[in-house]
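Got a structure here, written out as structure tokens. Questions coming.
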Amino acid sequence: MKLTCDIDVHHLTRVEGHGNIHIRIRNGEVVKAQWEVVETPRFFEAMLVGKKWENAPYLCGRICGICSIGHTLASIRAVENCFNIVPSEQTAKLRLLLKHMETLQSHILHLYFLAAPDFLNTGSVFPLIKSHPEVVQRAARLKLLANDCCDVIGGRRLHPTRTVVGGFTMLPDKYQLEQLRQRLETSMADLEQSAELFASFAIPDFSRETEFVSLKGKGSYPFIGGSLVSTDGVELPENEYLQMTNEYCVENSTSKWSRLSRDSFAVGSLARLNNNFAHLHPSAQEVAKGLGLAPVNHNPFMNNVAQLVECVHVVQDAIRLIRELTAAEWQEVRQQVTPQAGTGVAAVEVPRGILYHCYECDQDGRIVKADCVIPTSQNHANIQHDIQALADNYAKKGSSDKEIELLAEMLVRAYDPCISCSVH
Amino acid sequence: MIFKVIAKQELAKLFEALLANRVVGPVRKGSDKNGTPIYSFEVVYDFTQLQLDYTSTQYPAKRFFLPYTETLCTFEIAGDSWEKKVDFNIYQPQVLFGLHACDINALNKLDKVLLESAYPTPYYASKRKNMFIVGIDCEPQPYCFCRSMGTDTALHGFDMFLTDLGKKYFVEIQSAAAYNYLKHMQTSDPTEEDHLRYMAVEEARHEKFMAQVDTTDLTKILDMEFQSEVWKHWGDKCLSCGTCASVCPTCYCYGVAETVDLDLKHAAKMKHLHSCNLIDFAEVAGGHNFRPDSHTRLKYRYYHKHRGFVEAFEESLCVGCGRCGEACLANITVPEVIASVRHEEI
Amino acid sequence: MSAELSYMGVDLTRPRVAFFELSSCEGCQLQLLNKEASLLDFFNLLQVVQFREAMSEKDDTYDVAFVEGSVTRADEEERLKIIRKRAKILIAFGSCACFGGVNQLKNRFADQDWVKREVYGDFAIDTQPVRPLADIVEVDVNIYGCPVKKEEVERIVTDLVVGKTILYPKYPVCMDCKANENICLFDLGEPCLGPVTRAGCDAWCPNNRMGCWGCRGPAEAANVEQLKNIMAEHGFSSETLLDRLECFGGFSAFVDGLRQPQQDTGKQGSGI
Amino acid sequence: MERLEFVDVLKEERPEAPRHDLGSFEYTYKAEITNVYPMTEQEKLYQIQIIDPEKRRGFTFRPGQFVMLEVPGIGEAPFSISSSPIRRGDIELCIRKVGNLTNFLAKVKRGTQVGISGPFGTCFPVEKMYGQNIILIAGGLGIAPLRSPTMTVLENRSRFGMVEVIYGAKRPSELLFTYLYDMWRKFDINLNIIVEEPDHTWDGPVGLITEILQERIGALRDVLEQETYAIVCGPPVMFTFVCNMLMAAGLPMHKMFVSLERRMHCGRGKCCRCNVGSTYTCLKGPVFDYWSVMNLKEAI
């Protein structure tokens, strides 16, 4: 039993963006456990007002450097939904492939560069270059592969250049796609070794009953569009996202927070997996089982494992997509766009969870109102409640300040928060 | 000079025979917003890819003999000493299949500076001397003024030149290597009728030239009009973007940049084709710029091509292909600029 | 990591480097971890002492500070001033730092309160008009781009370590674009800022058939006046031109004239 | 299918063989910096020796010519040879630090290897001047290209009439080759040195170079029209003033020689960087007679 504890983490490291953690324990009671988001807002939603539709994907990709592809695709989908444009099958496949590769690169970056140092007792990946060179090389290899795929399909790994409303500006070279497929196939060995590495990590034993929100898969593991679902039984169509997110402002956070059936809910890999386990590729399911992950899992630290499972899934699915794309003749690369007045909503599963973009346009396609709801902002409340429970739990166990501090940091990192994105 | 005629379908056989080497030729790269085809010189593997009736390519075949960027040498650094390695980046002969007369003449002009003057450059020589050129006659486009520049026919600088006589090609052979390849095709000696047909085809082609440049006394007129206001007029439009030089088959100016590798153990010297229209082209150490205004730079490009080069080599450094005018977003074209300097109505 | 470096017999010090981010998407920092093949050599040239996004250790003595992002709040201004004091060389890293980046688009609204309300309603939020670093402190080196190009970062870092003059192309993107033998986007019916934007990105966007948006700011002799004519001639509205010119803040000196004739587009009392 | 014959251009027999060997284009001489003497805050004198003894002996140049000096990975730039042609492949360069390459050079130690190519360009036609009076005028760093013809003149002192050296600098601390003045004076020459901003160490003339020139022209007026040559090196403003004064005093334009400086990336008439109008400074220059300079557009 721990009686007092003072933890103040200023600008938590190895996460995207700026957040602080404060924990105060007095007489064994957690009197304060706070997740503070201090990131500066950039006002993207206001910036878009008055801008023509073609600006939206270009600007919105810049909400976040890590998931710029996800934002771009969500933005494109919102505009297309507003103008009643249905992407061709080819476009849809290419977008999904691009999406998968972003998922892969983001998950690998998080797992190896941001999360793994905690489990290997270092402060960063840099010492690992010397102590665990094979680990770093494997991470670099996987990341490079994912990035190369993004370059080939989206033109650029970050802030993509080929993705536009109506399709693409230009198609990838089939020969290059084929080469990537071969590399993807050989990368399975690296992923298996990654699974072994994570199996060797001691995942903290902590769980808290949580509501998980994600897209609902229809025949396949969901990534782009579809209906919204929660483990508490809520199910809504894509365009009623507002009822799913219920954003509100809180003190000590420049990001908005969300709630649904309870005080908080979680989105992200674990949420997707909890809701759609059956749709995972069989080899991904196997990896999940091997790592002791089965739905519905309530341990937030298992989000790391869920990410790894998703890596296997996206690699397998990317191989399928490339096979299909290279077997078919290339079709028209880009559809004609005719603006019309209306509102378009897009829900897209980005690495950190479900992302919504919603634009209202006038008849010239000029944006009148814009709304973006970011996965991390939906997670903030849940992070807050998790920290509270975690502090309580480990205080009762009598853990030291240092231990609690590290666990709290690891907990926040497990969500792989994208803070600047959540504030946008 | 040896002339032959071949049936059209024989050409594929020549192509096949040449394929043992790297073959570069005109292919269709895409189309513009109006659906007009855009052609480009690319490495080709299949005769059907070749578009021998192409109008003109947006870019000359320059990258195959004067690459936009080229490594001049690399260094291996060891302490305060080093080893230099030079590689001319050519290991096999290249075939340029389907060059128009202007582009062949462009090579001839480049030869004068890069091959025949003091300090011939081996980077160019290695490519130029390993080139087999099959020329082909062209269909004059509205922007072509090669006839004014005297470059509408190629007198030398190729191995073989084809003229379309309808069902046959009239073939001019200028090298032993080309003669050697004749055995792969069925050829015959031209008849008197073929000669007449050839002359008729050429005459019909000459009729089609529309754009013109009056080069009479041009070197002197350029000198006289050095301070002319028209330069400012064009200078105001000029974007100083270097596009004209980039698409020009005869522009060869360059800049050199040396780089050190991240490992600090290797270094390289790179050459990048530049353009005299670029803002810092005439900047010297210490920051002084001899041509700070866009009009002085634009003027310099014309002086170099139409005056300085003529003084040095008795001919202009422009083959009248019209590419620069077509590519220039500001619509600055050679015929118009020269006409304005001559105080002609345009 | 501490063995010193040398080049051509000249002893060099491995600079102590810190990375910071103000208001940004952190994409430029992410670029640092890209180009995996040369990652080890890159980090061997430097001694990273602070890199919050990638490492937990933190040391406040550094020679070179890479600062990403623009300044949008008083605390960022203070942080920046402290960084300036500590660093011998301050690098504005990416277009947000160099020009304000996309963030500065909110500055275009006359009514900044409307901007706050549009996003946060009545919730009190602290923010200022967006400023590039150079508005607040002296900047020694600019690395342009949204995102920055890793190849260029590598070159600049090597030049810095070796003691070479850091040079940027002064000419526009068209040069890079032509060297890649692209079909000009104007021929394809797309607008492009290539003719006025500083080269050095290897025509990243035009290579992918996306017109340039000017993320690297103006080339040294940018003839924006002529570009206006060209855009009009190709049927693009001045709104399209404005969208691109004002996107990253690099062309702020050129956009004023274009904004006037525009209609009041922002609703709820926002004026442009 | 049939392969074309591959031509190795370096080995190819060329009956039309141009004046220079293709192979020498990018194969610079490896040379060693054998000594570095700091002369002022800005300038150092570098003694550079071509390493291969044979090539060193074969390296001949004439006063006024320049070499391209390369430090791998850093840069390559033209520098006038400051030493006497007698010393062949063992040359001296006086280099001011102004930028990338020159700043790096300021840091290198003796023993460092550099690349040298050349010599390039035209020279001061010293032999043509035999039997005549000679005025050598330098402003600032202009003394670097002027030192070589000066040494040649002194080495052949008996072949010339009157020899007049006029050298101006901004401050006494910026004067170059100060250790040589006494030695030069022993050769029966008139050495005039003037500074604009004197300090306590200075007891010589004060003012602009044109002022001392005006004085000397008075003394020389009689010979200027007939038996005199001038070599003028320095920044363009300076040599324009100086040449115009000499011209006014009767010295014909074709008897004055100046050296022009442009950016050069090749030194071999290929990169076009150094063009004045459309004349290559590296081939037709850097030494021009004043008549030619007047006829070059935008030379100054």
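As written, the chain order gives the labels A, B, C and D, with residue 1 at the start of each chain.
One rule holds in what follows: contacts are C-beta pairs under 8 Å (C-beta built on N, C-alpha and C of every residue); 3 or more make two chains touch, one makes a residue touch a chain.
Please read these numbers as outputs of a predicted model, since none were measured by experiment.
Ranking every chain by how far its Cα centroid lies from the centroid of chain D, the top place goes to A. A straight line joining the Cα centres of chain B and chain D is 37 Å long.
Between the Cα centres of chain A and chain B there is a gap of 52 Å.
Centroids built from CA atoms put chain C at 25 Å from chain A.
With centres taken as mean Cα positions, chain D sits 66 Å from chain A.
Chain B has residues 77, 80, 82, 259-261 in contact with two or more other chains.
The set of chain C residues that touch two or more partner chains comprises 7-9, 162, 164. Counting partner chains per residue, chain A shows two or more touched chains at no residue at all. By the definition given earlier, chain contacts exist for A-C, B-C, B-D, C-D.
Interface residues of chain C, counted against chain A in their complex, comprise 21-31, 33-34, 36-37, 39-40, 43, 48, 51-58, 72-73, 76, 101-103, 105-106, 109, 114-116, 118-121, 123, 125, 127, 146-147, 204-205, 207-210, 213, 239-240, 243, 247, 265-267, 270, 272. Put simply, chain B touches chain C in their complex at residues 29-30, 32-33, 38, 40, 58-59, 63, 68-69, 77, 79-80, 82, 236-243, 246-247, 259-264, 272-275, 278-280, 294, 327, 329-330. For chain A in complex with chain C, the residues that touch the partner chain are 11, 13-17, 40-43, 45-47, 49-52, 54-55, 58-59, 62-66, 68, 109, 113-114, 117, 123-126, 129, 140-141, 143-144, 147, 155-159, 161-162, 164, 169-170, 249, 254, 256, 366, 368-369, 420-421.
Listed in rising order, the residues of chain B touching chain D in the complex are 16-21, 72-73, 75, 77, 80-82, 84, 86, 88, 91-93, 95, 113-123, 125-126, 129-130, 132, 177, 180-181, 184, 223, 226, 252-256, 258-261, 267-269, 276, 281-286, 290-291, 296, 300, 303-304, 307-309, 311-312. Against chain D, in their complex, chain C makes its touches with residues 7-10, 162-165, 167.
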